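Heads up, the next two complexes both have subunit A, just with different partners, subunit B and then subunit C.
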Partner chain A sequence: MSTFQQPPTTRIRTERGQNRESLVAALPWIGPVLILIFGVVLFPAAYMIYNSTRRISQAGTDVEGVGFANFSRVLADPNLPRILLNTLVWVVVVVTVTVILSLALANFLNKPFPGRTLVRMAVVVPWAASVVMTTTVFYYGLDRDYGIMNTFLVDIGLLDSPYGFTKNVATALGAAIVVGIFVSIPFTTYTLLAGLQAVPGDILEAAKMDGAGKVRTYFLVVLPQLRSALAVAVLINVINVFNNLPILRIMTGSLPGYSADTLMTYIFKVLQFDRRLDLASALSVINFAIVIVIVAAYVKIVKPMRED
Partner chain B sequence: MAIAPARTVPVQPSPQPRTRKYGADGVSRRTMVGRIVVGVLVAILFLVPYLVMLVGSLKTRSEILAVPPRYFPQDGLQVGNYLTMWSTPETPLTYNLISTVVIAVFATLLVLLVATPAAYYTARFNFPGRMAFLFLVIVTQMLQPAVLTAGLFRQMLVLDLNDTWVAMILINAAFNLSFALWIMHSFFAGIPKEVDEAAQLDGASRLAVLFRINLPLVWPGIVTAIIFTFVASWNEFAASLVIMSTAENQPLSVALTKFIGQYATSWQYVFGVSIVAIVPVIVLFALIEKRLIGGLTAGSVK
Partner chain C sequence: MKKRLRMSMVAMAAVGTLAVSSCGFGGGGSAEAEGEGTTLNMLVPSYSDGTKALWEGVIEDFEAANEGVTVNLQIESWENLESVLQTKIQAGEAPDIYNGGAFSAFASEGLLYSAEDIASEDTLADFQESFVENESLEGTQYGLPLLASARALFYNQDLFDAAGVEAPPTTWEELNDAAAKITATGTPGYGMPLGSEEAQGESLIWFAGNGGGFGDATEITVDTPENLEAAQFMKKMITDGVTQPDPGATQRTPMINVFMQGQIGMVYALPQTVGQIEEANPDLNYGIANVPTNTGEPATLGVADRLLAFKNDETKQEAITSFMDFFFAEDQYVSWVETEGFLPSTKSGAEAMASNETLKPFLEMLPDAEFYPTSNPAWNATDGAFKSLMGLLETQEPASVLEQIQAKADAAA
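Here is the complex of A and B:
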């Protein structure tokens, strides 16, 4: 049985109790971690929130406090509805398709066959490789003139003639979604594979003895056991896809305007090209708030602290 | 998603299913052949973009820009691209490689130095604020530099650290610290504390217990933490994009984007550099392939 369903045992409690130390004794061991987390994660977060209430010149000078003016300005931006819609479509489509395909792939990779380890290693490759570099190959491959993937699509009869996928909003977003799914599958598959391997063999045998078919066994016995692995896969993917910059930046980078932007690519345009640190901070704070909600959902649903 | 930072999965791996599956319900020969065929197709699907990279890196400039394109080079394999690419005018690739290596190596060392004692201590001892500390670790584990880049950029500007290796070393270390700590914590927690107590009875100090007794036992966890931190720092893009402004200081992930959108991109060089950057991290990930399933699950070592 998977131990995580059991309440923490009292044995652990008493053992820890014997080793109760003071905070002062703990500081030399945990202090450096605290310094890094406070200095390079929490401080910039607080500083970003502060900056979102300031007016900062393009040269970087803090001019004056403006309250929530930056927020009202970015919220009134006519591009924002489109950007939020793109973000929603991007996250929902990539995560949904990724989880469904990964579920099938994890089931397959859980079956024994010669060479399985090699196939599993091939699936790991997009996880290890730089997303920038993976996306770049797709960007090149989908070029209308010299793109090799375009030629392939024509050769197998899916296209009549090469198509400039990165030249208009809908197909550029579509291509970005395909790349997003491609690079998200490895982590998701491995997470679900870990979940599958935790399904106790005797439950499967009991289901078989009771005459349950393969499909029934899968939906009634295996899937419920995968619940926690699925929760991890979905929430981590939501947060990663939501915060992804390189895929959309490269795939939709040659398009003018903001019609193909998500919140993250838009923030970086405001930060880099408009050099408006104050507005970028306000947008980042909104983005950060959404991330916090997802993290809260993760902590509540997955309960990562349970083992302690 | 970059390296979708692997997270702890709160499930326990059961004994290998291999014996179970090959046993009584052994499958027919036809099913097995079918699985192999599907397996080969899956492997090809995931490797194709990187094969396109490899083949492209061996084409001449005119061949990679040829319309219509050819799948395989017909002017011979241009192995020399791997030498000439370093002097391409778009970006100083040699410096970019050095930056990438320096940042990834030092960020990993910093994480190791800082996270190992904390992981050991939180796994072994109870102290006021321990749960709060672990909660902080869990929450920061979910954050990425991209989320806070606006704040980080301004902070490094004020500290006069913008466009320096130090800034990116600190950022990569801070954002990968939590995951490394969490992995090592679960490994330390898996070692019976009687081992420590026996050593302490023999008069060993706590540091000696950590280094002499525990580290040799948890090295798989440490290797996993090292590889994840290294690969994540190696591939980091968003914060470097804004903070590293000088061409020489930029890591490869940022430098390569400069080729995109040019009139006649030297794709053969983009792909040559990509292969050089990707192969080492694939090897590292292959080393911990087993851990990707078993070892990332918190508390899996019993």
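Here is the complex of A and C:
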């Protein structure tokens, strides 16, 4: 058996007192951030929770406090199970496929080849473009009457006649998932690529000398080293994808009923069509709670901050 | 000591932010009150690409004529307009002048100025009586009718000729036959947009064609025998395949674009569509006819939009009044309505525009128009229910769809 070398880690330990003093010194510098956190995170979140316990009229005036009545009403909503199932499918499929594709792509971009810088830059493009813009391009491309993707599928003989991809539940969700993966890949790939570059060369060399094949080296040596990069990539993707509104709203927005909705798009419909600020707030609180539970469970189980 | 300092700094940061955000929530009215000038905030929807420039022109002339009054213009799409307004009201920042549809929810909560508070007698007397009725709630007029619009059947003459349809249909049966003949030639015969953009519009055209409607100021009636019969006929056209594919998810504007390209036989469209065809595809060989109904009796959907004024600050009432009087005076108003391609709501405007050939068929249909029950407090919710649920007609039973919409309307009443 070989002995693996511990990756070089630097730990800076500071004394408690020193720590406290440096925090005071740091306050002027972190003050603006604190203001931002209070202003754009904590205050709106508290306001949202407050709204979820009120009855707010159609016109937008705060009528009275109703306790948890809004919550019991949205939890009894017959549309909710389907919406939660859609949300689960949407998050799991997008994140899983994104991570698998990004692993392959990161591995490829880590190998030296002519034009590598160019390819690396090309990968950034979907990230640099606005999500709404990217999705709109797909939406129009898939349009039955004038979409070039539809025309292409008909021209190569895959379809007999143009199909309304964004006008049927399954295909609209499928198209949204494809766009979701497309826009999530750049960030994930770069996170994993950074992780790959941090794998020390001597470990790979040692594995090679011990006679491990390419596949074994990858799964037993490289992948464990990617642990923290993977953990961060998955966590951030889960939150991002869960809370995504623009992609789904554009791709599935014209569908009637609620069978293609995720929690996010449903909240939006309750707000826009039913004019229920109070119910939408209650749903948002539930949404917020689900994200917090997912993140907490993930941090507990995967321990992404663990350094070994 | 240090700990306390740290806490107090954090607290200060918190208070600072609260102060900043409460400004955003409370609306900075104090600064305006100190100076001489009055600022009017105006929230309007976009009717066309030219709406912004049109309003900017009006505001420029108004500001030149009224020193010390400035008008801040905010334009939103129809899709977002009402949620923007709702957020503003909730934040205590209601616009001083608002151009919109439904108003009863605001009026019944006392958020609006009545019409006589914000316009001179001469201006009020100039509105056509049929419109004024729609602007009132419990005997008080709140809205100043801005414009009207009616729907008519637009048909593609070339597709009619190719399919052997001789004359535009006047009844549902004739419409169905014509649509079937055109569909047989390979182009969808009838365009039925039941997507979230304007499902309520298409629905009311059909319901009105059978003597139905959405109800009145006191009661929303969606689930009625007349409406059900109309919905069943719509469903029949969908199942027979004489409409465009996926009617339940089709939005009106893109569908009318497809009609303009000559790819749909018949659609219900608006006065502005005439100008849009002129611009986008002047070669289109089309005609305009009355809306076909079950029995052939004339009926159509009429839409009236209005200007409303929210009560924010007593000092603004005078400025709002001078703006309204300025805008509804003949020279400003007629050019505004004519450029947007709508029908006028004032007597003087109607006289000035009587010679307009394009608008003639629509002006003729206006007396038979059925309007949305915008003065019913549950109308907003009913409207939303149509937008999100009517498209289900494609896959569900008409009775069940109407029942679901009625349930949402009842829940809001």
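Please note the rule applied: the second predicted complex is superposed on the first by the 261 of 308 C-alpha atoms of A that agree within 3 Å, B and C clash if a C-alpha of one lies under 4 Å from a C-alpha of the other, contacts with A are read in each partner's own complex, and residues count from 1 in each chain.
Please note the rule applied: contacts are C-beta pairs under 8 Å (C-beta built on N, C-alpha and C of every residue); 3 or more make two chains touch, one makes a residue touch a chain.
Note that this is a predicted model, so its numbers are computed, not measured.
Placing subunit B and subunit C on a common subunit A by superposition gives a clash between them. When the two complexes are overlaid on their common chain A, residue A:G213 makes contact with neither subunit B nor subunit C. Legend: residue contacts after superposition of the two complexes on their common chain; A:N110 is shown touching subunit B, with no touch to subunit C. Put subunit B and subunit C next to each other and count what each touches on subunit A; the higher total goes to B.
Legend: residue contacts after superposition of the two complexes on their common chain; A:K167 is shown touching subunit C, with no touch to subunit B.
Residue contacts after overlaying the shared chain place A:G157 against neither subunit B nor subunit C.
In the overlay built on the shared chain, the residue A:E21 is in contact with subunit B and with subunit C.
In the superposed model, A:G60 makes contact with both subunit B and subunit C. When both complexes are overlaid on chain A, the residue A:P78 reaches neither subunit B nor subunit C. Once the two complexes are laid over each other on the shared chain, residue contacts for A:L255 go to subunit C alone; subunit B is not touched. With both structures placed on the common chain, the touch criterion links A:L271 to subunit B and to subunit C.
When the two complexes are laid over each other on chain A, subunit A has residues 20-21, 23, 34, 36, 39, 43, 56, 60, 145, 253-254, 271-272, 277 in contact with both subunit B and subunit C. Within the complex formed with subunit A, the residues of subunit C that make contact are 2-3, 5-6, 9-10, 13-14, 16-18, 20-21, 79, 82-83, 85-90, 105-106, 109, 111, 194-197, 199, 245-246, 248-251, 254, 258, 263, 377, 380-381, 384-385, 387-392, 394, 408, 412.
For subunit A in complex with subunit C, the touching residues are 20-21, 23-24, 27, 31, 34-36, 38-39, 43, 56-62, 143-145, 164, 166-168, 253-258, 269, 271-275, 277.
Those residues of subunit B whose C-beta lies close enough to touch subunit A in the complex are 1-18, 20-22, 25, 32, 35-36, 38-40, 42-44, 46-47, 49-50, 52-53, 56, 64-69, 71, 110, 113-115, 117-118, 120-122, 124-131, 133-140, 142-144, 146-155, 157, 170-171, 173-175, 177-178, 181, 186, 189, 193, 231, 234-235, 237-238, 241-242, 252-254, 256-257, 259-261, 265, 267, 270-271, 274, 277-278, 281-282, 284-286, 289, 292-294, 296-299.
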